[in-house]
């Protein structure tokens, strides 16, 4: 008799990931796509998103919420609040500290032989003329994540780039929401589908 | 006997304009360029910049510092602090209020038959990969100013665009200062010269 | 035949004043108290509050919303957002600018022989151990208003002081909301009644 | 022959602690007071302050800068920047995260049998009429630290309380600096002496 353990994937992030396990969310959609391929037994998807989380929140709850689950793969999607909270609460994260905590998470998870997929923060506002307030800062933090993915040999789902390219094609009226998000930040159906598709490419192959 | 009044130009702005009357500043350089053309008698240049000013500071001191001087032309260069102070003091200016005060200034000056030259805020950081923290916000406020210039028939010196284009050519190492600014915001010699050249094109013809 | 014009009072402020015309609001309650005294014909109460307003919003809409109504008395209650927006949007108001715009409002209204009642901002959080985040800043802006009331001979309803004294007596558990506010800022029934009572003392005599 | 190891004390903090090893600083003064008592051999004082540090900076460098030195006692003085950076950079620390990182530091140091002395953040502005912008927030974070000192059995140097009491007696003109600080935050001679005196009471007995 033969038994092959399913690949356990934990999605570790903020409110965007928290909503991803809802019926329309990207984790749910990813599960459906996996089912369509007849691979349901091979993948176990676990959402671990908490609204408002910044990189150091992930760091602080990594033992309880991720390591305790013994995952094979962890998908880290964080950064929107690190940027956004600078003006909405005065408690954003300095870019150098963002990197330090991100590296601490990477090292601790890789030490357990967990495969990592890093995601860049997508958008705070979908305008395509580069006038969203946090565009520069999101680009900066995304660049930090891209560099870390390269340096630490992690897979990358470059949501920042993916969302911008999609909007450049599909947002001709320069709207600030309604294309991939419902409120400038949180994913609508189309956004969840786009993310599910891109995750599929990286996670299931 | 014939006497022709010189064109009196007031430069109305923040610390960048405040520094512009120094020996290396763009107002001084503009004066020198005018002298070279033998036009010194035809232009009177007056600096009225105060460090830290935002659009509503200009509004509040417009009577005392500009109208009292009976200018023919006013060059308005404001916006960096309206964006910057959001994170450095928590007292930036909302974009809709920025526009309202800007319009109030335009209307009051135009009611006195003063010709206006509007300038977009140049840079807070000279990096060319669009990762300067305030890039999105500076683009947004610049777009407001461009629209106002068009709507109210004002000349425009589009410093935001001019500086970006210059940096794309001359900042191959993606430095955040040292190309046109000495400290990410305030102009160095090259920055002052570039601004003087562009002002010359608009003001002296 | 004798006709005596009613005293027209405009309440000029932010969301707290905007809500004051609701059935439970302090303007409604004030009207009811006036009716009980049989003075309904002598007072006309007009609410002019807009959510999110800061001092310079009042300044910008003063002509349209207050002067156009030819009031005899204007009750100005502003300041919470000037402080609060520092961390919630990065667009609070510097204290020196707060004073300048406040003075501009006072001068313009007094030039029309309008009697003024100034109110200090009450609370952002009702904790009584002085640990509400904005306590120091609210005290500062309240002190500016108290000084202006004295300097420009205006009546004062010192809500900051009134609310603190009430909470010191009635908030033994150091709650941050629920005593005079429903959400740390906006008035509940008891808060509206307290304000109506204090306004009554100043406005009707 | 008898050898008694000196008590090794590390002062762990921000710019205030960084400056404390200068000739006039409180660590230097504490060393001099210890010398006067003829106890120089019994205490070894080590400064480990870095300008701009917040609680999570201490957390991140705890291994390298404190544990590596095998201290007997650690004096933790942090919090000013966690509050201040909310408006000066948009990157202050949420109070609940402040507590979480503080607890993580306490637990890790106490696990090594290190005795802890916690200090509350003193002042950002010395005005005594409770109108310093950050007064409420400093009170809040100080209360968190007082509670942690009680809960985890640490000694407490309550600088917030000590500085306020001193100013209430010695700052009759309600100045915002110049009594115990040179610039609203960093200690002048008198401030350093006051802290040295209070540290002496707790550390040397």
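Chains: A, B, C and D, in written order; residue numbering restarts at 1 for each.
The rule we apply is simple: a residue touches a chain if its C-beta (ideal position, glycine included) is under 8 Å from a C-beta of that chain, and two chains touch if they have at least 3 such contacts.
Predicted model, so just to flag it, every value in this text is computed and none were measured.
Trainee: Can you tell me the C-alpha superposition angle of chain A onto chain C, nearest 5°?
Mentor: Going from chain A to chain C via C-alpha fit gives 180 degrees.
Trainee: With residue numbers as the basis of comparison, which of the pairs C-D, A-C or B-C duplicates the interface of A-B in over half of its contact pairs?
Mentor: Going through C-D, A-C or B-C one by one, only C-D repeats the A-B interface.
Trainee: With chain centres defined as mean CA positions, report which chain is farthest from chain A.
Mentor: Centre of mass proxy via C-alpha means gives C as farthest from chain A.
Trainee: If you tally contacting C-beta pairs, which pair wins, B-D or A-D?
Mentor: A-D
Trainee: On a C-alpha centroid basis, what's the spacing between chain B and chain D, in Å?
Mentor: Roughly 45 Å separates the two chain centres.
Trainee: If you average the CA atoms of chain A and of chain D, how far apart do the two points sit, in angstrom?
Mentor: Comparing mean C-alpha positions, chain D is 38 Å from chain A.
Trainee: Two-or-more-chain contact residues of chain B, please, as numbers and ranges.
Mentor: 86-87, 89-90
Trainee: Drawing the touching chains as a network, do you get a line, a ring, a star, a complete graph or other?
Mentor: Looks like everything touches everything, fully connected.
Trainee: Please give the residue numbers of chain C that touch chain B in the complex, ascending.
Mentor: By the definition above, chain C touches chain B via 56-57, 60, 85-87, 89-94, 97, 100-101, 104.
Trainee: Looking at the complex, which residues from chain A come into contact with chain B?
Mentor: Those residues of chain A that touch chain B are 86-87, 90, 125, 129-137, 139-140, 143.
Trainee: In the complex of these two chains, what residues of chain B are touching chain D?
Mentor: Chain B reaches chain D through residues 86-90.
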